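One chain, subunit A, links the two complexes that follow: it is found with subunit B in the first and with subunit C in the second.
Coming up: the complex of A and B.
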């Protein structure tokens, strides 16, 4: 069948041409989700909604923003904030959403770790998710540069300097990334391009891929039950909705998601209207000055833990320079979560509370990341430097013991 | 058989053309991100040490290629060092004022440069004495004519200073 005789201007004709009903069925009404889940399974949709808010608010900001070192600061702080109708709202929505999306990403990530939703067929879900974390981080960093305040400039200076490679002095790479000897106009404009075009494009493609990776292994459930989806779907379609272990994505699963999204949006708009300051660092309301570094600089909260691993090792040891060790650990911290599925040597998929040693590992990791985050914001002097050092050491140690811990759990259970 | 060879040839030709085109595009794209000629040429800063009213022990900052340059006239009780610039009977520290760790500008506190970013410290000669910086502050290329420094123009004095600090 190639030629379609039904009129283009009829519902039937359109259906013949596009097979919309079949598409809707495959993607929505017969895409099966397990029943035994909780609100943490709704965070994927919360993230999709938050990302949409970022795109829409970003479009409105882009119409007045000027990616030029002479104009950027005023285009944000005067034009958008004071002249454009609701410009302040779009800016605060964009800034708060950029911050909050990381909170939800972290919870989403650690939900996956807790319930073991990254192995036995779900590795690709995990890896594509971590790619999203990396691309969102790049998006957060490039966006932070755009208002061209003091924090924008110095964050750009420090982060691009990471590519000097410490003692390696990979001369040329930093200058290439910046398009100059120091962070300058070319740097701002190219990061603007990355922020508003290339990164969103890549992020959207990876989101589509992330959704697709879920399709065959399906989402995990609270007890890691290995569900026969064909059999359960048949029960559901036959009307045995109560006995079936699954529900369709639409309308059943999404209707619950919308409830969670509503609660999230109340929280989000509360922040936008009444507490936006946490996403608007006062130091960044000073225009960028390449001759003065602010007295104390720190990244946004969601980068603090990895930033602290960078400066944690503050003295030379093992024949290496302190700065190089920090750089290596920092580099490791960026990619180590990607290989999580391959460091977990337990062959069973189980929630952490059924894996005693891993359960302890999980909570130590959470506490350690919180400690790193808190000390990442404090000045690195005196006792603070030592707390940062030990927290960084614990972070490294946790990754070294992860294969051992997971193996021990499996042996005790008799699975190995 | 001859048919298979013909297809192999077509396939390899296509791959070769695509590879050359792809590689050439990458070179072009890489160069589009290189610092522009105007940036590279934005060249030279001159500083006359006799006219800037330096107070010994109080560094001043000048701008060269978008980077801060620290010039400190040493006091009598500051350690003399081969990497100093000596003009007449005065000793100076001349250094690019960017922390050698990640490029923040350290601030002068009494007798050391302290970096706010990661806690690095440099003494009055520019040597790293604490924290993550892997090496001393870098000497910029300059030449000196009488008391006039020309930053960006490599001279024997700056070469000797760089050698002393290496």
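Coming up: the complex of A and C.
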């Protein structure tokens, strides 16, 4: 180690010790982003801002929340909502942010799929992003239990019961997860631990990793142009800012991000003040009651599509029970997006509108997920059950044909 | 221009998703019910056009039937009688003429279980704790009964206060069965006045958060006619006038959504600030990007 003689109590000494200027340069002013981007490229920062809102509002909520089945409901709905100064604001912010963050995650995810930003070096970005989706899902589910309302209780009962499927039951998995034979006080307390400690910790670590995975392959751009970053950065630094294909993270990229964030915040706070029921289900304002099953049990909107794949196969077939088939498809739906880079057999990185077959695949997938989401909320009876069945079948089929479709595009282009 | 197009696509699909899982799904989960009927037109018009006489009504209540043996009421400025726990605590009659619709009130006096739509509860010999009205014990509801009921209703209206607070209406109309503990969380005075679990077959829910768990429209439809949304329910139709029902729902909102005034006052400031912030954010972005474009 080179000994530093400058005083610790001087700007120069501190700079010698921490190399703040170099760090700033590496992370901000000389971290290069392509110039040819649109507002969808700002969603990463929108997500970071929304996650910060969740952390801050969550800290304030935790000061009054009581993770005890006898106290939880009133601590949320009386103490926080009626007594604590601006407690209602923090709760609405937390509940609405938890819901809206999934909307942004989905848009962010399908932006990646549309522009092919998951392959040829960017696989790790995609995988770490999907890990975030999974951990955020766990965070959303565990948090939904905390107010200990009717939907908290019954969603917890239904979803934890999935782990009693088939041979999983023999392993006692569901009792192990619940800490008992039914959802109870132990379940609430352990989900509280997961929600306020373990999951945020893991999420923060994966976010850091997600940012890091971007550093080497760089962010994709609108036309999937393969940029020589060293050459373009040199151009930019030499003053040819207009000709250069890249921009620095600070201030150019972030100035656009802040502009997008500012519009997003107007939308978000409009929901916080005026339209929050979609994120804070009215049914959950009835206290949990294990003797009264709500007329309709459904998860939050962001789980509806995968919930519907669980309910889709509603009759026994192929010698298997309907419930087991549903469980298998549901399990598959949770992880299938993770392997997206390996199912896409097109060697080129191109936006979907340059890949005719994949373009069609993409929009069918979007529409199918919308159909699954809407029918995931409706009672699975009559025609609804059949819509769910066929939408689930289409979902499966889309994954089966993905390698074929992408290969056909590549062949037509002459890339294979 | 291209960005606007992309934004339109994102906004369109987000809108479709929202419409599907919220407004559309709710129409499927909660089928539409007819609007509340505050004239209670389905009840028998038992008074049959008879004009009530206050003095006669007073003598019927206080002397002949002695309603005060089960009910409390205020006559000539003094409270008489004692309330009684008959599985459910009997109501005070002082405010009845104000908060209950008079046609409903007459029908209720004539045949309580029928007017309250709880006849399905009183079968196999079980009888409503308040007997049906029969002046001459002749087994029929005749003209004499119609006149007497009209007199009683006229008297009840004459002793009713001209107005009540929202909380008083709630206490008289609902609290004999339902608690609303958030109304006095630490004092406990807003708990249900009696334990009606045996009488009702179940403990009626605490209503503290019903303003959040049910829509206002649902609350009005339900209070006006519980069976409309919950077929076969043990909850009686209580026959509140439209204004009394509004007061009940207002009280539920004051208690269950007490931060609403602050929320509505804060919203314009909050959003106004964000609009200004957005303006500066876009100006700054434009300035920075002018150098690179």
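Simple rule for what comes next: the second predicted complex is superposed on the first by the 410 of 416 C-alpha atoms of A that agree within 3 Å, B and C clash if a C-alpha of one lies under 4 Å from a C-alpha of the other, contacts with A are read in each partner's own complex, and residues count from 1 in each chain.
The rule is simple: a contact is a pair of C-beta atoms (placed from the backbone, for glycine too) under 8 Å apart; a residue touches a chain by one contact, two chains touch by 3 or more.
The structure displayed is predicted, hence computed values, not measured ones.
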A:252 touches, of subunit B and subunit C: first, second, both or neither? second
Partner chain in contact with A:77 - subunit B first, subunit C second, else both or neither: second
Partner chain(s) touched by A:296 [first = subunit B, second = subunit C, both, neither]: both
Partner chain(s) touched by A:365 [first = subunit B, second = subunit C, both, neither]: neither
Partner chain in contact with A:324 - subunit B first, subunit C second, else both or neither: first
First, second, both or neither for A:131, with subunit B first and subunit C second: neither
Partner chain(s) touched by A:394 [first = subunit B, second = subunit C, both, neither]: neither
Which partner, subunit B or subunit C, touches more subunit A residues: C
Touched partner set for A:176, first subunit B, second subunit C, both or neither: first
Touched partner set for A:379, first subunit B, second subunit C, both or neither: both
Set of subunit A residues, in rising order, touched by both subunit B and subunit C: 295-296, 379
Parts of subunit A lying in touch with subunit B, wherever the complex brings them together: 154, 157-158, 161-162, 164, 166-167, 175-182, 184, 186, 190, 290-297, 310-311, 313-314, 321-324, 326, 379-381, 385
Footprint of subunit A on subunit B - complex, ascending: 30, 33-36, 39, 61, 63, 65-68, 101-107, 115-119, 131-135
Sites on subunit A touched by subunit C in the complex: 35, 38-40, 74, 77-78, 81-82, 87-89, 92, 103, 107, 241-242, 244, 247, 251-252, 255-256, 258-259, 261-263, 265-266, 269-270, 273-274, 277-278, 282-287, 295-296, 301, 304, 366, 370, 373-374, 377-379
Subunit C residues within the subunit A interface of the complex: 2-3, 6-7, 10, 13-14, 16-18, 20-22, 24-25, 28-29, 182, 185, 205-206, 208-210, 212-215, 258-259, 262-264, 266-267, 270-271, 274-275, 277-278, 281-282, 284-285, 288-289, 291-293
